[in-house]
Amino acid sequence: MAHASHRTATTGLDPETRAAVLVEAIPYIRRFAGQIVVVKYGGNALAGSKAATTPEQGQVRGSDVEEALARFAEDVVLMVSMGLRPVVVHGGGPQIGALMERLGKTPQFVDGLRVTDAETLDIARMVLVGKVNREIVSAINLHAPLAVGLSGEDAGFITAAEHDPALGFVGDVVAVDPALVVRLAGEGLVPVIATIGADESGQAYNINADTVAGAVAEALSAEKLIFLTDVAGVRSRREDPDSLVARLDAKSLDDLVANGAVGEGMIPKVQACSHAVRNGVGSAHVLDGRLPHVLLLELLSDEGIGTMVTAS
Amino acid sequence: MAHASHRTATTGLDPETRAAVLVEAIPYIRRFAGQIVVVKYGGNALAGSKAATTPEQGQVRGSDVEEALARFAEDVVLMVSMGLRPVVVHGGGPQIGALMERLGKTPQFVDGLRVTDAETLDIARMVLVGKVNREIVSAINLHAPLAVGLSGEDAGFITAAEHDPALGFVGDVVAVDPALVVRLAGEGLVPVIATIGADESGQAYNINADTVAGAVAEALSAEKLIFLTDVAGVRSRREDPDSLVARLDAKSLDDLVANGAVGEGMIPKVQACSHAVRNGVGSAHVLDGRLPHVLLLELLSDEGIGTMVTAS
Amino acid sequence: MAHASHRTATTGLDPETRAAVLVEAIPYIRRFAGQIVVVKYGGNALAGSKAATTPEQGQVRGSDVEEALARFAEDVVLMVSMGLRPVVVHGGGPQIGALMERLGKTPQFVDGLRVTDAETLDIARMVLVGKVNREIVSAINLHAPLAVGLSGEDAGFITAAEHDPALGFVGDVVAVDPALVVRLAGEGLVPVIATIGADESGQAYNINADTVAGAVAEALSAEKLIFLTDVAGVRSRREDPDSLVARLDAKSLDDLVANGAVGEGMIPKVQACSHAVRNGVGSAHVLDGRLPHVLLLELLSDEGIGTMVTAS
Amino acid sequence: MAHASHRTATTGLDPETRAAVLVEAIPYIRRFAGQIVVVKYGGNALAGSKAATTPEQGQVRGSDVEEALARFAEDVVLMVSMGLRPVVVHGGGPQIGALMERLGKTPQFVDGLRVTDAETLDIARMVLVGKVNREIVSAINLHAPLAVGLSGEDAGFITAAEHDPALGFVGDVVAVDPALVVRLAGEGLVPVIATIGADESGQAYNINADTVAGAVAEALSAEKLIFLTDVAGVRSRREDPDSLVARLDAKSLDDLVANGAVGEGMIPKVQACSHAVRNGVGSAHVLDGRLPHVLLLELLSDEGIGTMVTAS
Amino acid sequence: MAHASHRTATTGLDPETRAAVLVEAIPYIRRFAGQIVVVKYGGNALAGSKAATTPEQGQVRGSDVEEALARFAEDVVLMVSMGLRPVVVHGGGPQIGALMERLGKTPQFVDGLRVTDAETLDIARMVLVGKVNREIVSAINLHAPLAVGLSGEDAGFITAAEHDPALGFVGDVVAVDPALVVRLAGEGLVPVIATIGADESGQAYNINADTVAGAVAEALSAEKLIFLTDVAGVRSRREDPDSLVARLDAKSLDDLVANGAVGEGMIPKVQACSHAVRNGVGSAHVLDGRLPHVLLLELLSDEGIGTMVTAS
Amino acid sequence: MAHASHRTATTGLDPETRAAVLVEAIPYIRRFAGQIVVVKYGGNALAGSKAATTPEQGQVRGSDVEEALARFAEDVVLMVSMGLRPVVVHGGGPQIGALMERLGKTPQFVDGLRVTDAETLDIARMVLVGKVNREIVSAINLHAPLAVGLSGEDAGFITAAEHDPALGFVGDVVAVDPALVVRLAGEGLVPVIATIGADESGQAYNINADTVAGAVAEALSAEKLIFLTDVAGVRSRREDPDSLVARLDAKSLDDLVANGAVGEGMIPKVQACSHAVRNGVGSAHVLDGRLPHVLLLELLSDEGIGTMVTAS
């Protein structure tokens, strides 16, 4: 395990300060030992990544994106080192769109949801399971061979149903069978989940990744559900960066949605937060994934980072 | 579990005959209880299947291909019912080629091996992990939710190395870590393995599926390694259908290869058979996958089917 | 394990038919895995067997009786191979009578029950435990050393009480302690039970074997209770062979008894069936033990054989 | 558990003496915890018992014999209470002879061994398994339901072979499979073993009980092998009661046999002792079974009783 | 283990009597197997022991006291040999007083309770944990290395609270956490408990040993709570030695206290007895600790010794 | 768990630096999970603590000493939180001397070792087991009820032998039985060990605490042996503070002792270090116990603190 790049930051730090950080962190390590933490890693975070669709981009990759994924992967492995059981859920909208375009299909959206015919579903599945999932698995396994890619179709993990006939193969989560994921996480492995589900006839569906993350956290009775986003957290006034809310309960969060304070892109996330904490998840968090090691900081310090949602 | 379509065959069968089949089969059930059987399911067998690449073919599927996959899936689930632990390995050459063509890439081959640049690897991974693997998982889970798709990258399952710089990202198997697959199979699940591996730097490689099947069987100390093909078995004279060999040892098989009796497409398979039985696999088999329920018949009857290879 | 004698029946059977029988059978194997099946093997079935009482018969044995016992024993071992847990209960009326006669005692019956003085009890116990039980154990162990002979006196298995002072040491079942039999069956052994019980003072009693079979099935929460008899099943009209009932519930069976449709010899069996399914046994069966491998056919095919009784 | 009849002996005993007996005994209890003790209980000890063969004796029983069996049974149950694992082996020569006579057969002996034709074997098996074994099981279970009757045929426990064609079905011990007996004894049950064995063809044989006791003790790696006889122990001069040997090694015992000091009836016992201690049994003992609670006294006091044989 | 000193008592004892003692004792061994017995060993019993406080007494020790402790220790080890789980609780009032005097402090008592300032507590803790506890542990470990000294402060075993501000650091038992003691006793070790407890601020308190013994017995659901004293038991008339009560229930015992029949020194003991049997302890006993092996005699004979208290 | 006093140190620390400390620390947490660390806590460190011997000091305590013990206790509990298994060994020379003086005894030393007559041993045992041990246990249990005080006499933990007749009851370590300590540490408890041992006759001895710490670390196959002292570490030139050695092997350490570079008081410690790493202990450390949280800093950072000794 090479952490060389981060070492310089601690050089010259006085022992007293260093000890203070550890004394603050260790009790949380005990408290979270063996707990499941579901982390939603956004497709956008990978959107600049190596695209299969443009040959000339093949070997080029934004160093920011690579760096962010590498740090996320390192945090996930460090979480396992501490005795936590992280479970990663991801989407991949931009990457699906890119391949569709290369294949000459024009993406269509209704109310923000992608119209998904049989071919689009085939493409979505290839991209989510065969590309985005692989990149996350690969990044984690570079640190320690712990990541196992899964789709909701594996071992009947996610049962889905059609959301709306007009949208085609876009699904809702009907049920989550936690057995396989609990087992893998319990053995110190890291399930990385692509958000495809199937109904009882075997028909596959593409499902919103935020919704899946929440449903999985509930089914696993996770201690935490964490959304890594590109904003600092939830605001009480949509346009006011100073209105960041550090901590609130599900009821207050619902009120913010009703008031229109929450922006559209954020709505599936905050709804998943609100639903999850009302159904047994310890707390839900919206964090800025661009902040280095934001997962560790959230887990191991007294002061909160981003927005924390609790049941009451 | 509905087996209605096959019921008619037994109607009117006299009890004595029916009992004789069972009396012959049951001792094998006991003998194979808990044993691992690795089955290589050929990409060709799925080659006529729903292609993501041609929109108009999207909903059309050769009923023969569908029927063959459905019967294979049923056999796999029945193997689990009997207490066996099947592990499926698959390739997907024709499907990779189809998507390459749709994306405007021309496949190139050197000595029968696909030249694989970064983009081709990306395509191969999407097709194998995100399409072919999904179709097999889905077909099995329609009978019982037991299949779990895996790639050699998951949890460090298959460590690979570059085969030849001229070929790009074509890999050889360096090591197989059986832990995850043994665990899943031990819990009654069916690992379905796409043949992508990674080296220690995290670089992925596409690997020949016949070779992977053999290496996996060896690492798992499988009782049997079974290749489902489209021929009746190994012949002692290449062009003579009557020269089918029912049973032979590894040495004799090597001789047939040296004599040129084995056709080119078959060579990786018979080499994998020969290597596997010399390294702890109980027996290796080349069967005609087009024969309905050929897996059950091989496993549960005294007379062999196809060709069986043993160590000596 | 040699099954050579039965092999010929499958020679020349086409693969499709053979596969159909297996596909039909395997799901039952899974369903019955680990389940207890109590089989009552009738004393009559052994009645022609080697009698201790007539020297000149000593080495002679009806080949039919031997053959029936051998096939029964083979089925029992095959049931274990499939993961079932068979428990055998047997009587031995004819054999008791034969030894009594040789010792100069005249059997006396009141309402079909044998008047049992102390000496008769001693003879019954010797014959049941020391002769009939031994023959069944021996026949099974010829295939695999799995059978363990037990009497209801062992480890307090069956607690009995006097049925009627006028009959002497004829007992009713008061309680069954399933611990020992569950343990032996759970280890893959086959308990073979002679129907002697004891009361708390240690006094032994001879008990009707049909009744014991039913009580044992209830105490073990058996999946099935099977009576092997010399008739095809239960009839709705006593004298009409065409009135065989394939399946009925306990209430209907009680009605047939009330109507006089059930012959006297069959009454203890059908009453045991009716009582057992009302007390937790999955189903009860009356089969023709003369039909080869009738146990396998009943267990492993969709169409019923003989008569099946269910709770409702 | 009622021990009332023995209580009077302790009334008025001063506490100091009572405590001294306990202080002496308890360390042995710890030392023997979980150890297997094989006890051969002689057929002679039961020879006066209720005979099935003579009606008028049916209800009469020598109170001495009954009392001796009852005290033996009590000791066996007390051994279990202390954490020991007793295993009982018994013969039954006199009882076999009695039934043969009632059935009009004349026992024949060659060199002290009973000529055993098929009918005699049938009689021997009925008497040993169905009568003598039952009486011992019944006597033990009157105190606590722990005894389980077994024959060497059960679960392939004792494999036998013909001793001498001239003697018919008289067998030697070829092998003992300890699994079943170890399991039963390990669960706190008391196996009571009738000395019938079978060869691989299923043919049963009658075997000398002293020999079986020794072979069973060896196969079980017993801590002790105890022969309950009607003499005080082994003498160094056959006719001199004062020449009782308290303790000797296997070599010295062999010398006594060679010198003619050991009487004929005792020879199989002392040979079994000598063989057993040379093959892993801790010690072998010849005790006077007529002495009340001789088993407890041997096990729980510093001064030996009878004759103890050790390896060296 | 040397018991030589007690052996002479059994020499010459006739076997019948010896057997009778054993037959009476063994059923109790089974009945008590695995049960916890809490024994309060009085500080007075050790009061004449080697005192740290007077140099000239340093090497002198009353042989009676030494002998009594040695026999107590032997009994405790024998209890473990029998499968019991003894737990010892002790006080040490006289020894505390002796050290206080040597250090120039004058003990003060209010209502029989020692006024305990900070220095007195320090002295009490040193004497109880560092001297009396060590002597008992050492005496037991001379027989077998089983004793482990504990104080109520270890692993939060006993939570205490101030009894009365006027008395200083004299405590009441608030809670007992049985986990550590149950674990040690379950592994065959003998916890020896000094009666210091602590409150949540970490402040230690000295607690009455009789009260602790009762509270520990309740928390452990002990089978027996035994007070070893220097009287024969509880009397119904304080001054009448013939009024010893062999057995009574908690209600009757409370009445004796109310009637003034119980002497002052005995009151904490009988109140602990009465409370314990009402809270799940099987029985409580007041025995004369001066009687050799009184623990064994109480546990292993039909006739009671001393006074036994039961719930009803 | 209140860590409030240390929180201020982290206020205002930038997230990047905080994350860097954690990223550096976490891999060590994983590496040390389940490992045993033996920590020698010096008697000097407690020497200013509340003395039982001077009444007027009773309630006074140097705040430095209290603060140091409190921080040590917090570190021990944090080590348990991280999954480590700390074992504490302590001495108490100054406290023994203080009580001896109050009791009018003049301590005598030969070659730095205390001449120990029977009374002195009694005093040493009271002080070590009943006072110093209690203070450490109490300080730890204030954070979490995990500490269990032990002496080498408990359960035969440390077997000792006389060092030199001229010194009286001063002992050497002959053997350490790790069973009890391993068990307690394995259950997440913290054994705190007073360095009294006993020989086979039960005679107690006072043993040098540095030697005991080393012997215990070896017997437990500890990952680390840590001496908390009042110096910064080992120097290569006795009087030169700049000659601190950060890391050396056992051979080099022996050379420093031979060269006279190591001061007398340090010799038992460095000899214990050298012996321990040659006998299976991962590494040994001499740290300055006055540095706050020095245990955490040593365990969880890349740069060493104090002196680390390894086998080679």
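The first chain written gets the first letter, and so on, giving A, B, C, D, E and F; residue counts start at 1 in each chain.
Quick note on the criterion: a residue touches a chain if its C-beta (ideal position, glycine included) is under 8 Å from a C-beta of that chain, and two chains touch if they have at least 3 such contacts.
Remember, predicted model here, so these are calculated numbers, not experimental data.
Asks: Identify the chains adjacent to both subunit A and subunit E in the sense defined at the top.
Replies: Chains touching both subunit A and subunit E: F.
Asks: Would you mind checking which chain's C-alpha centre is most distant from the centre of subunit B?
Replies: E
Asks: Given the pairs D-E, B-C or A-B, which one repeats the contacts seen at C-D for over half of the pairs?
Replies: Repeat interface, by the over-half criterion: A-B.
Asks: Interface check for copies subunit A and subunit B. Shared numbers divided by all numbers used: above half gives same, below half gives different; which is it?
Replies: same
Asks: How far is the middle of subunit C from the middle of subunit E, if each middle is the mean of its Cα atoms, in Å?
Replies: Distance between chain centres, rounded to whole Å: 61 Å.
Asks: Can you work out the whole-Å distance between the CA centroids of subunit A and subunit F?
Replies: Here the centre of subunit F sits 46 Å away from the centre of subunit A.
Asks: With chain centres taken as the means of their Cα atoms, state the distance from subunit C to subunit F in Å.
Replies: 73
Asks: Pull out every residue in subunit B that's touching 2 or more other chains.
Replies: none
Asks: Using the definition of touching given at the top, classify the network of chains in this structure as line, ring, star, complete or other.
Replies: ring
Asks: Under the touch definition given earlier, write down the residues of subunit A that touch subunit F in their complex.
Replies: 1, 3, 6-7, 9-10, 13, 15-27, 29-30, 33, 74, 78, 80-83, 291-293, 296-297, 300-302, 305
Asks: Which residues of subunit E touch subunit F in the complex?
Replies: It comes out as residues 50, 52-53, 55, 58-59, 102-103, 105, 117-119, 122-123, 125-131, 133-134, 137-139, 141-142, 145-151, 153-156, 177, 180, 183, 187, 189, 196, 198, 201-202, 204.
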